[in-house]
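Residue numbering begins at 1 within each chain, and the chains themselves are lettered A, B, C, D, E and F in the order written.
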Amino acid sequence: MPGLDKIIEELLESYRQDGLINPAGEANLPSKKSINGILRELTELAMPGFGEMDPLDHDNLALITAERVNRAARNLEREVEKSVAFGVRLENPRGTKPLRRCRAAAELLVRDFFSGLPELRRMLALDIKAAFKGDPAAKSMEEVILSYPGLEAILVHRLARFFWHRKVPLIPRMMSEIVHSKTGIDIHPGAEIGGSFFIDHGTGVVIGETTVIGSNVKLYQGVTLGALSVKKEEANRKRHPTIEDDVTIYSGATILGGATVIGRGSIIGGNVWITSSIPPNSTVYVGSADQIMGQRH
Amino acid sequence: MPGLDKIIEELLESYRQDGLINPAGEANLPSKKSINGILRELTELAMPGFGEMDPLDHDNLALITAERVNRAARNLEREVEKSVAFGVRLENPRGTKPLRRCRAAAELLVRDFFSGLPELRRMLALDIKAAFKGDPAAKSMEEVILSYPGLEAILVHRLARFFWHRKVPLIPRMMSEIVHSKTGIDIHPGAEIGGSFFIDHGTGVVIGETTVIGSNVKLYQGVTLGALSVKKEEANRKRHPTIEDDVTIYSGATILGGATVIGRGSIIGGNVWITSSIPPNSTVYVGSADQIMGQRH
Amino acid sequence: MPGLDKIIEELLESYRQDGLINPAGEANLPSKKSINGILRELTELAMPGFGEMDPLDHDNLALITAERVNRAARNLEREVEKSVAFGVRLENPRGTKPLRRCRAAAELLVRDFFSGLPELRRMLALDIKAAFKGDPAAKSMEEVILSYPGLEAILVHRLARFFWHRKVPLIPRMMSEIVHSKTGIDIHPGAEIGGSFFIDHGTGVVIGETTVIGSNVKLYQGVTLGALSVKKEEANRKRHPTIEDDVTIYSGATILGGATVIGRGSIIGGNVWITSSIPPNSTVYVGSADQIMGQRH
Amino acid sequence: MPGLDKIIEELLESYRQDGLINPAGEANLPSKKSINGILRELTELAMPGFGEMDPLDHDNLALITAERVNRAARNLEREVEKSVAFGVRLENPRGTKPLRRCRAAAELLVRDFFSGLPELRRMLALDIKAAFKGDPAAKSMEEVILSYPGLEAILVHRLARFFWHRKVPLIPRMMSEIVHSKTGIDIHPGAEIGGSFFIDHGTGVVIGETTVIGSNVKLYQGVTLGALSVKKEEANRKRHPTIEDDVTIYSGATILGGATVIGRGSIIGGNVWITSSIPPNSTVYVGSADQIMGQRH
Amino acid sequence: MPGLDKIIEELLESYRQDGLINPAGEANLPSKKSINGILRELTELAMPGFGEMDPLDHDNLALITAERVNRAARNLEREVEKSVAFGVRLENPRGTKPLRRCRAAAELLVRDFFSGLPELRRMLALDIKAAFKGDPAAKSMEEVILSYPGLEAILVHRLARFFWHRKVPLIPRMMSEIVHSKTGIDIHPGAEIGGSFFIDHGTGVVIGETTVIGSNVKLYQGVTLGALSVKKEEANRKRHPTIEDDVTIYSGATILGGATVIGRGSIIGGNVWITSSIPPNSTVYVGSADQIMGQRH
Amino acid sequence: MPGLDKIIEELLESYRQDGLINPAGEANLPSKKSINGILRELTELAMPGFGEMDPLDHDNLALITAERVNRAARNLEREVEKSVAFGVRLENPRGTKPLRRCRAAAELLVRDFFSGLPELRRMLALDIKAAFKGDPAAKSMEEVILSYPGLEAILVHRLARFFWHRKVPLIPRMMSEIVHSKTGIDIHPGAEIGGSFFIDHGTGVVIGETTVIGSNVKLYQGVTLGALSVKKEEANRKRHPTIEDDVTIYSGATILGGATVIGRGSIIGGNVWITSSIPPNSTVYVGSADQIMGQRH
């Protein structure tokens, strides 16, 4: 195609000028594809036999688990090391790169992460039960595991949360976006979420970075737990609400503000807009009192 | 990595304790990956030549159709058999497994399913026309087929509906979640939907299990057709609304309750919240009367 | 499976009757899979080194860029040629197909497209900065590139817009649906969007065909920029709103109508429903005046 | 890389000059990759369940066989059509291309080919028995099917032979080279080979175009059945030997010439060089008479 | 394609009649593809870092080794179990299948196999040195590992030999045929081969089932170590020669017979045909005495 | 599997002891898989349109050629750099690694290599004509290109030869082994081969490192051009024969020795063993004079 050589030259020139490129040789970033594969592997380790990887039977369970843990640990260590090194450069752009120390930190992190897997499975079992109990349409636990996007979102959140808590940059947000893309549920890895959590349908749910959620909370599609202030300089303050135990929030409700607390046992109706605290055991709804809140399939 | 052996042992111990595993050898479940492949194949059979599988011409149409029907039948039979066997175990956990009978039931179901394909194509043609007619931005039928997520959602719903109707567990919900993940449109396979159905944009639409929808109905993004009651013991009642023929429901509207009927020819405005019946040919909107309902691109 | 031969014959008969098939030999359509691959390639060319294709270093940057441009140009030319030929048939169904001319038009279009890539990268750099500045939770530019779905949506929109502007059918809409499926953000390729644009979270955003958006505009999840009229015969009029510079629109707001103008510097609160123009520097919100608009994680 | 543009231009210039290119658009040739896939499919049809394709059980045997025959027929028809069209051009380079007729001829050929598959399976069963009987090291029929290259070579030969006999160009030779590459056994598709044929080890065996071989013949590695004359103008004469029934030829033996006949029941020792006929029931060997011919593992 | 249905029916009928099929459900056989993958994995474990699997560094060596051993053990156990069960059926066709015991036997075999890997690596290191020393054209050990087919053949032989020795049917022969197909070197897994073994070029080499080879033996291409007798009933006797230590056999030589012993330190010239024993330190050649044996590149 | 942990530890210990591993981080070696891909790419560049890569037409020939040259150059440069660095370490094991210089050398080598491609295509065209002319069974040039292993072997040899000549280690030998594995033809990259070269059938052909072959030479299967001496210390001498123009060598012939010259126009019969020079225009054969040499299919 005539003229293509010149176009290529201009594109290369534009790379040289703005530096908006990420050459592998210098300061590599974690790989989306690899994080995706790690999430698949961890999902298999959390709920063995329900996914699409190698067939599983009682006899090969030990062999396949050892293989998966070793593989996931190896892949995770590589990605965590890149993230840790990125964090070091971000804080200290001109510093020498203590690469050896990043590797050691990554190894430590990954080991701690895997030590927590049995506990994570206990949390997950509670989430599965909450979903089964919370949705009249659910016919079996297996149906929940195989077809509830809310379960996938909370599982990935609990994995991502570990890395956020340990201040690993990039990876937790990459994990949360991977599951956001699949489920339409956007949970920031900074959010703290208690046990027996259930999101039904889920498309459009947004849960912000400093949200705190208690136990036995249930959300429907389109719920926003957001911030009132969006100023960059307030990034380190608590900007998102606190949801206490046993709260249900129906579809499309919006709850904003770091000081906003939804008291335990409350029910927040669909499409409600809330920017200040609600006392425990309240029922908040839009429109006339004879409308009972809630929606379900 | 030192310590990994011990971690693996703890993980295996956690598998032993909670039993949250699905070993292939015992009571296998249908495979998400396989259901996904079957949906791709059925989409090709419903609209031959528009997808990404083998190139199609008039001369090889017969060969390729025979091949696809045989392959899809084989794969579907295997997954349906697993689902039927799962259903038998669910109802009768200690019973002996009449595996031969599950296979025969699966074969019968699959044959009936394929017998209905020509009729399904007639329904689909009406849906395509409804989309073309209903969206001023649509320039051609081909554009509708190639780029309207609402069409993909209704096609998969009509496929999943067959298996729901015949009481096959798991598969219909797995199908509806696959297309929910791709389109953001969540239609429970239990919903009954009439001809010439059109969903525009679609992200966030939720249609519950016992919803009944007439002909020539049009929905926009974010519409919820949900339940008022979410008690598990009412799971067998009609919990979701009835939408009669020729109704249009604009974006973000929420219609709840098993006794709620939207009368034929009505227009429901955006963001409206409805929990009781609306007479035929009504127009319901939020805000001042001079606001004309509707939104489109 | 007995009876399958008859079913296949009926299916073939149904193909013969309704003609809802697309045989490759006659009037081929662009391929979704190929458009998908082209978008991946163009994303790599726009932000080299951040994606998953071949590893990149400073030494091989020239070789890999030349290779990618040539490959993308070749694939794009093939798909554009099919689209142009489809457009010709659509306007003139019985005309002879001037295939040579379609190929020439495709070559010209593709060359022009690639000439514009350096400029597109400048726009994209502004969008990245807008996202970083606009979200307190964003810790680095790299985080924005690796995990913000809004950035992916605006990048693909700027690519698709070129083909829409040049009246290539099908391809721009196929591109916008591919990214809609991944992000839940549905931007019609006809929309005009200024520099430094930012969509946060994004699920459920709909931006209509004749929308015009200025610079430094920020949207949150669930915002609709839609039409009041959905009559097919008004398809050629401006049906969607105009958003001037420096406007922020919070989650769930709906703004409708081709004559509706949101004046520069205005703030539109969450869940607000607007169908008429708003003067510059206004603040519009639902509920009591002490509620400050906005939500964030 | 500086200078690459110029190199590319020179390469394109060299393509223009010598014409040693095969553009798909004009006169396409059969595809090696496709022929390879067809051979795999036909091998599965000939010996169902021994290969690596979809798992097979008694219940899905009918579905999978119908699917495979349809797929193989479709792929084979496409490649045969290209070959037939190539043959037409070769004989009549300036003629108009009667493409319709090539398609019809291909369809007829493919149908005849599949009609012969049951008979081919009967031949193959005899070959398997001959191998089991002929090799003391063979422990079971299954071992022969899974690990004897000679069986693979004769199976592919019997397939390729059909197309050679029907004067389809290119495809039979492509088939014989695919199996030559895998087994080191080079049988020209023109060779006529009787029932119960066995080649042990096989590496280096060459069987020429006009060879005729009877029943119950056994060959070892490195045997050549070749021509004395290699003049192009004698290409249409019988140039290779005739091997009558019940002959055994040991490793490294060379038998040349179209008039050379090895009489029935003869044994030809290793490394023997023969260019004239041998009467029935002869034993021919190199060296002293006390050496008994033969070698085996 | 008209008539295809009838052809499919005839093919199915032919399957029913001759039973030459292997349905997965009944008595499954080891998979060629799986054995192939296991050989690749074992090659990586034997010479880590030289192959094409995951990149290897000192830090991940432990993780990747544990992962590979677990994966290879799992895959191998499955294939060995199928082979053992096949062997049981072969000896006792009407017997009940003690499947549990086959699994236990497979587990034991696989554990023993892996216990022997360090010793196998010591043998392999000697073979590499023998190749480097034995070929003047070899420039480095790395060249030997990366490009000597003889090394690959002896490695696979040493692996296959273990299973042969332990009387596992099918698998050892499948392994030897996989490497025969790649290298043209056909070593029966029953052959006993000492340390520091080297085959140069290798195409056409055949080493029979009961061959015994000492240490420091060197073979060239086309050498046959075969049997004089090919009667099935003598299958359990030693039928192939014994090659003592420090023997070199040049290309194309044929040595036959179970009682034939090539005495230590002998040199056998190219194309020589030997059917009786040769005393130690002999030189055997064809033709005049002034011809020095040997050939090399 | 109990005991596996201990086995893994022993294997790791064995790695530590013998150092027979190749960790990527230190001194990486060229990759077989990558060299394989490069050969496929170069084969496409040498004979565009005959292979299995992207479909080719006259309109996209320029785009696809530019893409391929850039891709092949990039991949080749990476592998050549690793090889050059390996060569530097081999000669100077303790030296500092001048990595920059290896990269520069690789770039220069690759550019020179591509500059020679048009000339290589001229050589190849002669080889194709020689094959067509030399085999009475060849029906067309296309048949030669699609199904003659001898052509593939000489093409790869001419590519590998370039790198041998420029003293790049490992890569040329890896290339020659790749094609040896596919064709059974083993040509050392050091061999010098003139124009219009043809090998028929080819299995078992060995051509040594210091062989010199003139123009219009034809070989059959099993021919060895080898060395008399195999002492490591004579590795730098000419050890293999010289074959002058217009010589034909029939199957199984062996010609040995660096001083051995086969005079122009000679014919060497099958299975002949030659260790001294033959004058021009000689005919050498085994056995009685009435036997005419040659074999063919």
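One rule holds for everything that comes next: a residue touches a chain if its C-beta (ideal position, glycine included) is under 8 Å from a C-beta of that chain, and two chains touch if they have at least 3 such contacts.
From a predicted model like this one, the values you see are computed outputs, not experimental measurements.
Counting the residue numbers that touch the partner chain, chain A and chain C have less than half of them in common.
Across the two candidate interfaces, D-E and B-D, the one carrying more C-beta contacts is D-E. Note: centroid distance chain A to chain E, computed from Cα atoms, is 51 Å. Distance from the chain C centre to the chain E centre is 58 Å, each centre being the mean of its Cα atoms.
Measuring from the averaged C-alpha position of chain A to that of chain B gives a distance of 26 Å. Chain contacts: chain D has residues 1, 4, 62-63, 66, 70, 73, 77, 184, 203-204, 222, 252, 271 touching two or more partner chains. Across the interface of their complex, chain E is touched by residues 54, 59-60, 63-64, 66-67, 70-71, 73-74, 77-78, 103 of chain A. Taken in their complex, chain E has these residues touching chain F: 45, 47-52, 55-58, 61-62, 65-66, 69-70, 73, 77, 107, 110-111, 114-115, 117-118, 121-122, 124-125, 128, 133-137, 139-140, 142-143, 146-149, 182-184, 201, 203-204, 221-222, 251-252, 270-271, 286-287, 291-292, 294-297.
Taken in their complex, chain F has these residues touching chain E: 1-4, 7-8, 10-15, 18, 20-25, 29-33, 86, 90, 169-170, 173-174, 176-177, 180-181, 184, 186, 188, 190-191, 203-204, 206-211, 222, 224-235, 239-240, 252, 254, 256, 271, 273, 275.
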